[in-house]
């Protein structure tokens, strides 16, 4: 007998047919983020952002992100065929070490694909701390496998939501910024005023991805998507969780953004090409917009963070991230993350 | 000169001749288990058990087990040829993060083997916290190398103790169960009442074992048995510590046992076949007995947790864990762990 | 545009021309060392020193060392061609978990090499906790690349400082030793009185170095030197950070020095040959001097800790660490660390 009285257990995860418009799902498992997660994050990424290394006692914004994202894997994306995009991602301010995060998703849109094998699910994801305070919110859309061939009502009558546009600088959370980085202590002489739109910042460090590192990183956030861990399933080459190049690139970007305070928003992100163990990742940033935020002690920089594999971008004059035919990214680009960073002003 | 005034140091570990009946040994090194160990455990196994991920502040029962087991390696099993079995393993209730565990072993039985090269040592292992409270106790028997060829008195007159039978459901520790898992928050709809003897639960997730992961796991628990770490000694293929597949299988078993509270007892365990880096592990559970424990808010399930290498068990109809000739396990089975799990009732 | 208004960012690190005599540099990034770092250190090294595993709540002396060393990489040695030596390294007593360490360097000497491509920089490195208390201090000298070919004044008029000689036993910090190791609980029967100059202690354990382990170790300490991480830059074989064999050897040396209290000083150290992933490391210690420190409850042992690759030193009778021609070390020796260790006395 392989079934219990209430049917088989060991869930194969949600299929497209399991979602409904307006549905709200509490995601397992509430997670406490403490000193252990902070140290493991540094060991797995090399992140050196002063605000998340020293006395402030804060959880790194990307630890918040990966935790929330990991909590949505089981109820949303265990059977995802593709992670199509994010939008409108905003952090709700500092999270103290020791906080316990829980995540809820709400289904915003559904569209069955014409192949009848998959559909697209749009969800609003909201992470909260133990006091119910919102720590992260974003819209994400993923392509999810269908359980069967019978068409759903979302084939003929899809419900496609409007996706948030770029976050505006004035919408960024500026609470809890104290203490600001000490421009003498961070090792970087560049303040907000020193950055200009159009500027490229090369981060120079390369990091070769090891199988253990990317898997430990993904497990740290209790993300259980199978294709990251199973060499049999993936014909010998597990796919690196897309969040790992985000964190490696962000860690590398300390070199050039030493006085950053941590991510405030992500306007969108493209996982342009897959990463596997053995790839060596490099990154650079392109400043798109600089907003002084009035009299605030920090300014906001809108930046594209590009992560590439196998190519050190500072060695390629006028490197183009787009493919020669203008369609999509060149094959070395693995990530294009359109983000808002807060950077301390000179004073 | 390679010896000090009191003889050579750098102990080669105990040999069969070093044990005596009734001998009690305090094991090095008292170990504090805190947030760091909790995070490292999750990063190395992917465990998602809600009780050990969130606000409760408890040490995972398997972290207790591996710590206690690791503490016995140096005084008992550094020269073990084989880990023959465990029995009567019971946890003594929740262990709070920050506890300091110490372990004592008592020699229960001794039998020299007829080959005069090895002998069997039975020990009662008891782990305690800083207040002397028992947190784990079990009987284990191991085959240990002899130092020399001269026979011991345990060749002619072995002392073979009676090994505990299966733990009875009413012997399980039910203290400190609050708060119970919230059946809405765990991501699993199955309560104790939904499990039935004979049922197989497939956990579906596969995990390829990396060299770094199994060694870091074993070092985390200060287990220094050489064959897990030394590629020269092992002709290029260090043996994975048998505790790692226990933890990986238990982590995988969250999928199907989402409302579990953590191991309460182990009746016995067989490390049926060795695991090496590169193996991909899968698991399933077979429910053997379900005891409602009277009016308790949890029930007890006796379960065999099977871990296999290279075979996803849900894809094999009527999979037999025994070898075709009925003698021992089939070669893909690496672990058969006979355990008691407490699971929250519906209400 | 690849430059901002104040020039390019993403620093390529200091070159020889960037240093000046008497210059003081505050190193980024102040780092909090807590339970997470303690657990990660044990997982990555297998260290079992009782004082840093149990209830005492102290940071391992080598965690202090690697943190301070890592903080100096960006301002001093990112472009180092070779790590030439350390001297006069003393720890300032116990560091409590939760301390925040900051590091300052002072340039003591400068000498341009006759090849005009590199120069030697001598620095005094001082690590302090959040109260300004000195936790570690040492002199280090490194060969650093020049930015250009134009000679500096340090070619014609080098300033070569006198380097400290061996630390004297009476200079060792003896504060905060309580509680002393319990000679019954550590698993080692050897007290200070049992060691004698000339004695060799074989530590027996071998550890094969994995790519993930050495990189995670190096990242844990926010050491960003590129050649440890980038397989493209290093033609497929990243160089293991020299601190990793220090920590692995020290962890192995628990077997034979069970009643040690942790490093008190390092007189000098030679990274005799490089280590790469795949190497298996073994170690032994040679006692050079034993100082009872008067009536102190501990004595001081001056010890050379030798780490070798591919050779288990206990299997080689009268193993010589020097090469056959007497010049330098034999090729299997990767580390010769001349240190002072405090060891509990018998009573």
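Lettered A, B and C in written order, each chain numbered from 1.
Rule of thumb we're sticking to: contacts are C-beta pairs under 8 Å (C-beta built on N, C-alpha and C of every residue); 3 or more make two chains touch, one makes a residue touch a chain.
The shown structure was predicted, so the numbers you read here are calculated from the model rather than taken from an experiment.
Taken chain by chain, the contacts link every pair, so each chain touches all the others.
Overlaying subunit B onto subunit C using CA atoms gives a rotation of 120 degrees, to the nearest 5.
Look at the contact of subunit A with subunit C and you find different residues on each copy: under half of the numbers used there are shared. Taking the mean of the C-alpha atoms as each chain's centre, subunit A and subunit C sit 36 Å apart.
Counting partners per residue, subunit C has 34-37, 39-40, 44, 210-213, 216 as the residues that reach two or more other chains. Contact residues of subunit B toward subunit C in the complex are 1-6, 8-12, 26-32, 34-37, 39-40, 44, 74-75, 100, 102, 130, 210-213, 215-220, 222, 224, 226, 229-233, 238. Against subunit A, the residues of subunit B that register as touching in their complex are 34-40, 42-50, 53-55, 57, 184-190, 193-196, 198-208, 210-213, 216, 255-258, 278, 280, 284, 287, 310, 312, 314.
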